[in-house]
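Okay, so subunit A shows up in both of these, paired with subunit B first and subunit C after.
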Partner chain A sequence: MTPSLGTHIAFGVLATFAVLTGWRVFCTDSMVRASFFLLLSFIAVGGIMILLTAEYLGVAMFFMMAVEMMVMALFMVMFMMNPAGLNPMKMVHQERVAIAAGVIAFIVLSAVAVLSDFPDAPLPAEHAPVISLGRELLGDSMLVFETAGVVLLTTMVGVVVLSSRRGRYGRADEGSMPPGLMPGGEPAGQPSEEEEGEHTHHHH
Partner chain B sequence: MTLTTLLILAAALIGIGLYGALSQQSFVMLMMGLELMLNGVMLAAVAFWAYSGTGAPEGQLLTIVVMAVMAIEMALGFALVVAVFRAKQADTTEALSELKQ
Partner chain C sequence: MILDQLILPWLLAWLVAGLGAYLVAVLDRLMATGSAQAKSVWLAPLASAAWLMTQQATTTEAPDAPAWRLAPALYLALAATGLALVPWSPTLVGVDLSTSLVLWGSLEALATVVIFLHGWSANSHLALIGAYRYVALGLSYLLISMFVLIGVALPAESLRLTEVVAAQASLWHVVSQPLGLPLFLVVGLGLTFWGPLDLADSEDLSGGTAVERSGPPRLVWALARAAMLVAFSAIAATAFLGGWMGPWLPGPAWLLIKSLAVLVALLWLGRRLPRLAPERCVTLMWVLLLPLSFVDLIWAGAVALWMA
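Right after this comes the complex of A and B.
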């Protein structure tokens, strides 16, 4: 596959768009707008993946990131101050160090990309990326794929546990304590100096 | 569109994401920096797959694994944000001086 002129132009546009929107994520006042800029950056990268004939991944990127950024925008509105960007706002710390780290990372990684002698072989003409990926996912790499599924299930359980308001020994946000070993006794496995004044929410 | 330009683009995304992850005070903005870095990583993986000349599907498989990692990062990150907010009423990194309840 030799890229045509249109592919080059599309790549240039998408690459510029991805970097610009990625940069705008961190310099817009509105956090909801920031999440949509991040979505645009992901969509541009998904377009580049489609240009590279990884169609499945590009389309999966669109769908996954659209949902993910919606959830992110929702969390912004719930938790963050100034979600709509009505006031100018900049919430950064150690900005100079961060800029230096980002620039150094870019320069080093670009130097590796420019100076190294990477293979530059086009894909074979008759390859079918989606078909071969499907065969790989449900064939040789089934174990990897299934492991990812189990890890996602574990994540779901962990997320529910982490965000549940009620812990094993009572409400988590009140500092839940295990019951005592004896009736009315001190909580098991807890340091004893925390006990005074904490007895109000024990479950005896 | 060559492997070099694709890797430079990935490097730019990783650099911007690193800046965001290091500089932002809000937890969710910090996570957006991490996501931008993973974006660059996925692009680099697909670029290596597309220019290695064999068309072997393992390169795309790596990208799928990174996508799963991204979903896990976001889900656990939001759960932690909820837990920290409940415990400390904090939504910025500065508002936390210790993690112990």
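Right after this comes the complex of A and C.
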């Protein structure tokens, strides 16, 4: 199957969009903006995967990256104590190392693209990308994928248990208190009543 | 080829999105007021749309300009994309992708991003609270949606919506998977933050993510929510009510009737169900509805094996 002119144009547009939005990730000054520029870049890559007839992987890229970038933006904002994610911050670090790594990666990947001898294997007429992917995932590689899946699920359950609303010291919306140092003792690390009265205006 | 694959889906999706959104406004008013003021029911949505069109589009002090401008349009585009996936008959399908069910799932996921950006980009606190609320809720019901949709794909042995419909020839999924449609309707109310699940644009936040919106963009935002409700109804009718299938009438007519039934059910539920506080709503989703969606998936798998 020879790609049509429309496919070539779509590839050009999507590839340019992916590179431009990928570049914008490092120009912006906000974590939320950076996450969603990265999402745009991934969506363009997903479009290219659909052009390559990897229909399931391309569409899966959309929903996986949408949820992933949303969660990433949310968690970054939560951990950075920047409630809106609108405060400006620098998105690039260790610039020299990063530039060197980028140049090397670009040269290596370009060399692969230009110098390697790609196989000429036209798609069979009855090509069914979803079914063949399913056979690959649940055929020969089933043990690997299932093991990874169970490990990831266990991790997720563990994370939810650790970070659940109950918290370590009781439900957050009922006023959580740390446990005592002795069983049944006073909550540990709490300032005593009179001490708090004295030092109200001091910063510890 | 260009007519078939580009212009037809485009026309179909936008026509249904526009007319459907108008219908949502009419039906919702009809349910709120009863039939006494039938005349104003038909004209009132047009009047309020015209009023919004003539208003100035105000902006906040320092919004995130691209997201602020684009969010309503992007949400409308997601709704239209969803409508393009709906099969009207075995041959009349806007976009017949072999993974259209997964693409619908990713539209739901992308809607979370767009609604978040709508509230976040305004740079205003009530809008921001609405945005974060939506993320918490959206992530909760996305999983429910995924499991319910996998259950629908199982008997079809395909992720293509036309084959999902074809697999319901003997028995509709609303009967063979009794938990599926009720759970999916909750997802629909959440996706469009309608009725009791309107916690992102709710009154207690003075309009939430849309609090700073005025003029034409506000109209687009309202239109997008209604269009998304229509798209969702059409997808639900396709996935659970046998899509185009039915006696006497042609396929597209059956799909219209079924989608309308789902739409009316959603609007009625939106008016009748009690509202919950956001944190209780998240607990309900994770503790009750998500396990129920597991049950639905196991049920669907067992039924598919038994019927095969």
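Operating definition for what follows: the second predicted complex is superposed on the first by the 142 of 204 C-alpha atoms of A that agree within 3 Å, B and C clash if a C-alpha of one lies under 4 Å from a C-alpha of the other, contacts with A are read in each partner's own complex, and residues count from 1 in each chain.
The rule we apply is simple: contacts are C-beta pairs under 8 Å (C-beta built on N, C-alpha and C of every residue); 3 or more make two chains touch, one makes a residue touch a chain.
Every value quoted in this text rests on a predicted model; they were computed, and no experiment measured them.
Of the two partners, subunit B and subunit C, it is B that touches more residues of subunit A.
Of the two partner chains placed by superposition, only subunit B is touched by A:F26; subunit C is not. Applying the stated contact rule after C-alpha superposition, one finds that A:A60 touches each of subunit B and subunit C. In the superposed model, A:M70 lies in contact with subunit C only, and not with subunit B.
When the two complexes are overlaid on their common chain A, residue A:P129 makes contact with subunit B and with subunit C alike. When the two structures are aligned on the shared chain, A:V144 is found in touch with subunit B, with no touch to subunit C. Note: residues 56, 60, 71, 129, 165, 173 of subunit A belong to the subunit B contact set and to the subunit C contact set alike, using the contact criterion stated above.
Those residues of subunit A lying in contact with subunit C across their complex are 30, 32-33, 36, 39, 55-56, 59-60, 62-63, 66-67, 69-71, 73-74, 83-86, 128-130, 165, 173. Considering their complex, residues 3, 7-8, 11, 15, 18-19, 22-23, 25-26, 31, 34-35, 38, 41-42, 45, 48-49, 51-54, 56-57, 60-61, 64, 68, 71-72, 75-76, 79-81, 91-95, 97-99, 101-103, 105-106, 109-110, 112-114, 118-124, 127, 129, 132-133, 135-137, 141, 144-145, 148, 151-152, 155-156, 158-159, 162-163, 165, 172-173, 175 of subunit A touch subunit B.
Within the complex formed with subunit A, the subunit B residues making contact are 1-20, 22-26, 28-29, 31-33, 35-36, 39, 42-43, 46-58, 60-61, 63-65, 67-68, 70-72, 74-76, 78-83, 85-87, 91-94, 101.
The touching residues of subunit C, when paired with subunit A in their complex, are 62, 64, 67, 97-99, 102-103, 105-106, 108-110, 112-113, 116-117, 120, 123, 128, 132, 135, 138-139, 142, 158-159, 279, 283.
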